[in-house]
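What follows is a pair of complexes built around chain A, which joins chain B in one and chain C in the other.
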Partner chain A sequence: MGVFLLVVIGSVWALAQDSRFLYLLVYVWFGLAYGVLLQYGRFCMASAVRDLFAVKVPRMAVGMMIAVALYALVATVVTLAGFSTFHPNAMGWHIVIGAAIFGFGIVFTGGCASGSLYKAGEGNMNSMLVIVAISFSQAIVVTASGWWDSLVPQSWIDSAAAKDMPAELTVNEGWFDIFTAGYIWDLKGSTTAEAFGMAETATGIVLMNTMLTAILPVAIILVALYVFYYRKGHLRRTGKTAPSLGDEIAGIWAMCISSKNTALAGIGLGILAGLHMYVTGALREHYDIFNFGELLVAMGYTNGLSIQDTVFDPGYWYITTQEAQWGGWIMQQLGINSMDSIFFGLDNGLPNPLLNAPGFMSIGIILGASVMALARREFKWKLPSWETAFFAIVGGTLMGIGARLAMGCNIGAFFATVTNGDPSGWVFLFGMVIGAYVGVKAFTWYMDWNDARKGSECGL
Partner chain B sequence: MFAKDKLMWHATCLLMRVAKRRMRVQVNSLFDRLHDRPAGMASLVNKDIDVPGLGCVHVVRSVDCLGAMCPRPQLLTMKVLGEVGSGAAIEVVLDNPTAVEGFPALAQALGCTHLATVRAPDCWRVYLRKGFFKAVQ
Partner chain C sequence: MAMSFNKTADGEWELNVCGYACPHPQMYTKKALQKLESGDVLSLVFDNPSSGESIMAMCEAEGNDLIDRQEGSGSFTWKIRKA
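== the complex of A and B ==
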């Protein structure tokens, strides 16, 4: 309750400074609501893919699919109303590779990017370490040059050089700059409706984006989960040997509601994520801006903006880029010039964390989760052991690298994309599943090896 | 203007005081936990435990997952269930809410019956029985 009051007082104070901070507060309050729901449903997208392989439990994968379906439906309404803030991601091999690295990492950290935020809100210090690792690994990946530059092929370097970028960005230095300008910018990304030239029509948005790109795959995945993971146990429990179609549908329904908290949270998250786009889109219209950077300039804050006077401002649920900005900002304060990269210098800026709107969404998730955890008496400081701390840092670093290569995490590159008609999100999920599969194998192997090593000490 | 600032100041002071008291309790428990031990151990026990709503349950193994991150609790439970005989009951001690939430579904997948999840002051105790049994009231 105290945490909640603190946010209320902070909000009132910010509004008293300048009413235009309302734009930033929208992120804070949606973040808070995401945090409350994530903790309520013990929503864990990492376990959605991991548990399928580790213990063959589909519970969380089902919860995630419910959230995708609901978000897609609300997103349709928001898009039809003309308030969509969504931009499709570039489609390419980088998504599969980045997502696989990300998926491998989440097995060792015990949570995805948002998962780590809400678990940090429950007092889990491992998750706090994960956030630190994600922040810095991303900031380092996007600004690194030197030997890193030998990783990229000459064709990308040529292509990047041909882009005529401002000299202060030094596009020919920094492998991530070359990757962005020389590879990503040459790729196309579009929603399914755009690909069929129907982006402006209601039929295109409803049929192509919502039905074909979100609802249909969700339905297929739910049926597949039922057939492969749930059907056998369900039939044994109900004592049916020759099930009719009605029994099968009842089985799918039972699977969907087998964990009520998770299903409810999935519904809530889906609706909220859609509403978030609506509110931000409407506010942009109200202030007549495209990006929070313009509002910051109008309010007199010009430090840390990109050379286009923009900051990172997705307008929907996003996690990893703002964490990269935290890491990058600290590096900048320590005297490491990070603004000569495309990622920070041209696109996202490096605003002071106190003015970082999406950053406050992440903080909101932590605070929202701690409100809920305290209210349910589930809050507990959990210290890492050396072993889990090591996993948190290594796994978090891998997640950071993967998220940057794939242009987002399981929220920004999967959840927000497939629900807005961009099929690249399914490619991300595919990559993440591969990574998680390998990760589970590696983790099981490690546990066996560790047991064998310690076996004599424990007497087991 | 002045009155508003003053009100803010009082509200902040009040919050700080509450927060301080909370922190003291939390920090104490933090230092109790600093005596680190490896998270995730299965120990052989043979004890009768009075589970609320179930009566007496004879537990043959207790899996200590305090402080463990997923998927360790799940994998450890799987391993221990593989070592006990059918019909035997085990106890899993957890402090990870996300893992607790998943245990009923996990039980189904691992071929055992979820008997009960008991909320203890600092953790949860989950009771599982290997094999499928009719749910006990």
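== the complex of A and C ==
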């Protein structure tokens, strides 16, 4: 309750400074609500792919599909109403590679990007370390130059140089700038409706984006999860030896509601994520802006904006980019110039964390999860050991590298994309599944090695 | 902080995975249950709430009985009887 009151007082104070902080507070309160639901449903997308392979439990994969279906349905209404804030991602090999690195990392950190935030809200200091590692690894990846530049092929360097970008961005230096300008910008990204020239039509939005890109794949994945992970146990429990089609459908339903907390959180998160887009879209129309940066300028805050006077402001649930900004902002304060990169200097800016609207969404998630964990008497400070701290830092670093290569994490590059008609998110999920599968194999090998080493002590 | 797995009495075992986040608790639980004989009881102590949901699903899938759940102050002690 104390945490909740703190957010209320903070919100009132911010509005008293300038009523236009309402735009930022929308992120705070949606973040808080996400945090409450994530903790309530133990809703971690790392678990969705990891627990399938590690312990053969489809609970979270099912929850994730429920959330995707609900978000897609609400996003349809928001898009039809003209308030969508969504931009599709560029489609390319970088998604598979980045997602695989990200998927490998999440097995070792014990949570995805959002999962680490809500677990930090439960008092888990390992998860806090993961957030720090994600923040700095991303900031370093997007600003690094020197030997890193030898990682990119000459064709990308030539293509980046041909883009005629402002000199202060030095796009010929810094491998991520070259990767962005010389590779990503040459790729295409579109929703399915756009690809079929139906972006402006209700048929395109409903049939192509919602049904074909979200609902149909969700249905196929749910059936696959049932067949491979749930059916056998379900038939044993119900005593059916020759199940009818009705029995199979009842089985899929039983799988969907087998963890009520997860299913309810999935429904709630799906609806909230869609509403978030609507509220931010409506506020942009109200203030007549495209980006929070314009509002910051109008309020007299001009530090840390990109050269386009923008800041990172997706208008929907997103995690990793704002964390990269935290890392980049600290590096900037330490005298390491990070604004000569495309990522910060041209696109996202490096605002003071106190003015970073999506950053407050991440903080909102931590606080929302704390409210829920305290209310359920599940909050406990958990200090890292050397072993868990090592996994948190190495895994978090891999998550940061993977998220930047794939242009987002399981939220921004998967959850927000497939629900808005952008099929690139399924490519991300494919990569993340491969990474998590290899990660589980590596983790199992580590456990066996570790147990053999300490066999007499632990007896496992 | 370290994981511990001990036999506490005939047919009774205790696995303590406090301090570990996912996926350690559920993976160690799976491993521990593989060591038990049918009818043995495992007392599982953990403090990562998210693992509980997966462990519950694991028990349901394998047919193991979750016979007791004590929870409080951020820690969980569950008793699982192996099918």
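Quick notes
Assume the second predicted complex is superposed on the first by the 455 of 460 C-alpha atoms of A that agree within 3 Å, B and C clash if a C-alpha of one lies under 4 Å from a C-alpha of the other, contacts with A are read in each partner's own complex, and residues count from 1 in each chain.
As a working rule, a residue touches a chain if its C-beta (ideal position, glycine included) is under 8 Å from a C-beta of that chain, and two chains touch if they have at least 3 such contacts.
Keep in mind it's a predicted model, so treat the numbers as computed, not measured.
Model built by superposing both complexes on chain A: chain B and chain C clash.
By the touch criterion stated above, A:Lys119 is placed in contact with chain B and with chain C alike. With both structures placed on the common chain, the touch criterion links A:Arg236 to chain B and to chain C. Of the two partner chains, neither chain B nor chain C is touched by A:Lys163. When the shared chain is aligned, no partner comes close enough to touch A:Arg20: not chain B, not chain C.
When the two structures are aligned on the shared chain, A:His87 is found in touch with neither chain B nor chain C.
Applying the stated contact rule after C-alpha superposition, one finds that A:Ser385 touches each of chain B and chain C. Within the superposed three-chain model, A:Gly2 lies in touch with chain B and out of touch with chain C [touch as defined at top].
Touch criterion met: A:Phe443 reaches chain B and chain C at once.
Clashing C-alpha atoms between chain B and chain C appear in just one of the listed stretches 3-11, 21-29 or 39-47, and that stretch is 39-47.
Counting contacts as defined above, chain A residues 39, 42, 44, 46-47, 50-51, 54-60, 107, 110-111, 115, 119, 122-124, 126, 229, 233, 236-237, 258-259, 261-262, 373, 378, 380, 382-383, 385, 388, 440, 443-444, 447, 458, 460 meet chain B in one complex and chain C in the other. Across the interface of their complex, chain B is touched by residues 2, 5-6, 9, 13, 16, 39, 41-42, 44, 46-47, 50-51, 54-60, 107, 109-111, 115, 119, 122-124, 126, 229, 233, 236-237, 258-259, 261-262, 373, 378, 380-388, 391-392, 440, 443-444, 447, 454, 458, 460 of chain A. Those residues of chain B that touch chain A in the shared complex are 4, 8, 11-12, 15, 18-19, 22, 26, 29-30, 33-34, 36-39, 41-44, 67-72, 74-76, 78-79, 95-98, 100-102, 104-106, 108-110, 122, 132. Those residues of chain A that touch chain C in the complex are listed here as 39, 42, 44, 46-47, 50-51, 54-60, 107, 110-111, 115, 119, 122-124, 126-127, 229-230, 233, 236-237, 258-259, 261-262, 373, 376-380, 382-383, 385, 388, 440, 443-444, 447, 451, 457-460. Residues 1-7, 19-24, 26-28, 30-32, 35, 47-50, 52-54, 56-58, 60-63, 71-75 of chain C are the ones touching chain A in the complex.
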